[in-house]
Amino acid sequence: MSLLTVERLNVVFTTYQGKVKAVKNVSMTINYQETLALIGETGCGKSVIAQSILRLLPNNAQINGSIIFQGRDLLLVDEKTMASIRGKEIAIIFQNPSLALNPVYSIGWQVGEPFRIHQGVDRNQSIQESVRLLSYMKFDKPESAVKMYPFEFSGGMNQRALIASALALHPNLIIADEPTQGLDRTLIKQIIEQLDRARKIHSSSMLLITHDLTVARSISDWIMVMYAGEIVEQVPTLDFFQSPMHPYSQGLLRSLPENGFHPIPGQSPSMIENLSGCQFHPRCQWAREQCRWEKPGLFPINRRMVRCFLYD
Amino acid sequence: MKDLIFQRKKYFTRIGGFLFILFLLIAIFSHFIAPFQLRDRFDPFLPPGLKHLLGTNDIGNDLFTEFVYGSRTTLLVGLLTGAFAVSIGVLVGLFAGYHGGVIDELLMGITDVVLIIPRIPLIIVLSAFLRPSVGLMILVMSILWWTSTARIIRSRTMQIRSMGFVESARCLGFSSWHILFYEILPNIVMIIIPEFLITVASAMISEASLSFLGLGDPTLKSWGMMIHHAFQRGGFLNGMWWWYIPPGIGITLFVLSMVFLSFAFEETEIGIGEEVAIVPFNR
Amino acid sequence: MVFPAKKVLRYIFALFFIVSLNFFLPRAMPGDPVINLLGEDFIAGKEAVEKIREELGLNRPILVQYASYWKNLLRFDFGYSYHFRARVSSLIISRLKWTFILVAPSLILGTIIGALAGSLAGWKRKSKGNTFSFLFFLFIYCSPPFFISLLLLYFFGFRLGLFPLKGFYTTGNWIDILKHLFLPVLIMTLFSASRNYMVMRGSVLQEKEKLYVWYARAKGHLEDSILFQHVFKNASLPVITLFALDFGFLFSGALFIEIVFSLNGMGTLIYQSILSRDYPVLQGTFLTISFMVIIANYLTDWIYNWIDPRVRANR
């Protein structure tokens, strides 16, 4: 049995400019102790999926579909139950750690917060726990680090504090939303290794959201490629890097520095207008007449799924 | 839900606009609306009736006539003070925000100093020494009321300054005057207008307060002065509510109309700020 | 605690400016400086006026006068009131305590009520109670305090006869004092609460979409605890800043309330001085209020420092 099953998830935002279809008919599965990497360009709807799982969407969002987590549909449980799942069974690591942390509270107060919320631990004890968590994340002087404030830390340090806090209650699922954004290469490697090590020790599963293919390659078991709110390819990580099948996946790999840094020409379509046919056809070198008018389904090929008529 | 908030905002704006236009018309056409002259005398202490809608005061002046003419002073002081004070504030804010550095330090230092001076007590002292007049009141209030505008305009100017189109105008060699007034100013109009409305509201309350103390222009009738007379000459102690409640409500509604109108200019961004957040006024 | 020199410098400048203004006003204004300095209740023959002119030092060079003016101020010598037949400083001190009895509880209550109601209104804007509280505080916010005082005094004092119309503290009996103070404190509290309400509401509306709020939610907080454990402290920062800026205005509001209720504080003192053109008292009260505003600003800097770690680190 899998830990999390998302089925036919649709998320629509109502804005002044019109309806934004951020997630279209997405289905996915995360197995126990596996890492699924969701990759794609910024704004393709990756983060919205993460927010939907935790039901952390603004008021102007409409969610449809089902998100089954350990036998419960998260879209149906009441707010109180949902709150008891957040931070305890599913923890999220936000992008922009320096903005995610509250500027007027100390790091220790914030890292130890899950203990206070879910276990009724008192303030001092929770700060003791955060000293333990921070030392675990290789902070030099955790005793003094807990007394610091987010603005006194670098982005990387804040990120590690967020990871420490996410691991506090051994969640079954860790959602890491662009955990490496804005950090430099050496730091990325270090943080990703720490994250993966921690995940393995707690035998958690992870949903890794990133636009950085190297990060995805180093720690994920599965890769899901998203384009304009849709899944275009779902594939075991090794297979993805050996033989990407969807033209967009191929384009993504070609844009890596080691493969010559060839960017995909054109831009992703606006999520407000309705583009007919395959969402990628305006940028696809193999686009044919059919692609313009008909929407390709997800075609199963061995262990993978590809949304492209080339594999029909 | 979004439409609902839109509607609520529209609702506020409509009420504000209606009230403002109503008072504006009363002020402009006082001559036609007022049934009598300010100096006309009738029986004193008459309660409201058909002939005297709001009764008469202790020396027999028609109070409805006073109320109608009183709107003029409030409007005059409010609008002129608003215009002058906001002009000063916009200029100071633009220069401080655009030039930065020493100029910014200096102008903001002055702003902070002016901000600390307690305004009403200062005006009280000044008006006590000088013969109270509308002109003096407008002048002194303009000199003291510009500070919050200056601060807001400064921070917005700093934001706009770093944007692409201003940078490119500077690279193209346009003078800073040109950039300030043709590139930046049009982009802050939407902040200037609510600042103006709020300043007008603040000036109206202050005018009423000073007139209530008897420091209003003795040659002009104003709502604050009506309340002053009612309080001083026995209207209040004799329970003649028609003497001081209508002008008080007039002031409140006038100020409300300004605040409601300013709601229309609240920034609207997707997800946030769809709700009116009120800028504090009349410090 | 050490502050950035810049801020202290500005306070010193403000004080300097206000004192200088106070010095030059009676000397530059139209009319005889003797009258401007002593008030219009000072009546004397020509010879006596000249004698006083000499005593006041008005014939000495202006800078010498200026220096001795500062010296007097530092000794709390604000001059003599011929109208009240008392030293201005002792007049002010005797009146100030009544104003404080009105202002201090109202400011504390008003800040608590305004901040709580305002933050709730910003946080859960859809509820009926919040719409009502918004309109209620907006009405208070848009009315001059003296008008609300007149309204309530008319209704509760006149119509219902619940409270006395005139507020002199004749008996000194506690119940009597409380009865006299109830309405003024209520109005002053509402007045101060309405301003804090508006600021807090706007501040929470701005804070509620910030990422740390979402993060708090993601950790499993329920809505109310996000407001009070995460948003409140951040949102109260503008309220604190505003408190400093507002202090002079709130204080002026208290003066008007006093006048309506004939409470024997600073406001009534100012009112009586205006009516009798008692310039020394007016100037003395202006100086006193300015000084209190500066102190209030300094204190709020202090509180701000204590709440916001970013400011604390930058000192």
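Lettered A, B and C in written order, each chain numbered from 1.
We adopt the following convention: contacts are C-beta pairs under 8 Å (C-beta built on N, C-alpha and C of every residue); 3 or more make two chains touch, one makes a residue touch a chain.
The structure presented is a predicted model; accordingly, all values stated were derived computationally and were not measured.
Distance from the centre of subunit C peaks at A, each centre being the average of the chain's Cα atoms.
The interface with the largest number of contacting C-beta pairs joins chains B-C. Mean C-alpha position of subunit B lies 21 Å from that of subunit C.
Here the spacing of subunit A and subunit B, counted between their Cα centres, is 51 Å.
Residues of subunit B in contact with two or more other chains: 271. Shown for subunit A are the residues in touch with two or more other chains, namely 58. Residue positions of subunit C touching 2 or more other chains, listed in rising order: 209. Those residues of subunit C whose C-beta lies close enough to touch subunit B in the complex are 6, 9-11, 13-14, 17-18, 21-22, 25-26, 29-31, 36, 122, 125, 138-139, 141-144, 146-147, 150-151, 154, 158, 165, 195, 198-199, 201-203, 205-206, 208-209, 242, 245-246, 248-249, 251-252, 255-256, 259-260, 270-271, 273-275, 277, 279, 282-283, 285-286, 289-290, 293-294, 297.
Of all residues in subunit B, only 109, 112-113, 115-122, 124-126, 128-130, 201, 205, 208-209, 212-215, 224, 227, 231, 236-237, 239, 241, 244-245, 248, 251-252, 255-256, 259, 271-273, 275, 277-280, 282-283 touch subunit C in the complex they form.
Against subunit A, in their complex, subunit C makes its touches with residues 209-212, 214-222, 225, 230, 233-234, 237, 307-310, 313. Subunit A contributes residues 54, 56, 58, 79-80, 83-88, 91-92, 94, 96, 99-106, 113-114, 117-118, 149, 151-152, 165 to its touches with subunit C in the complex.
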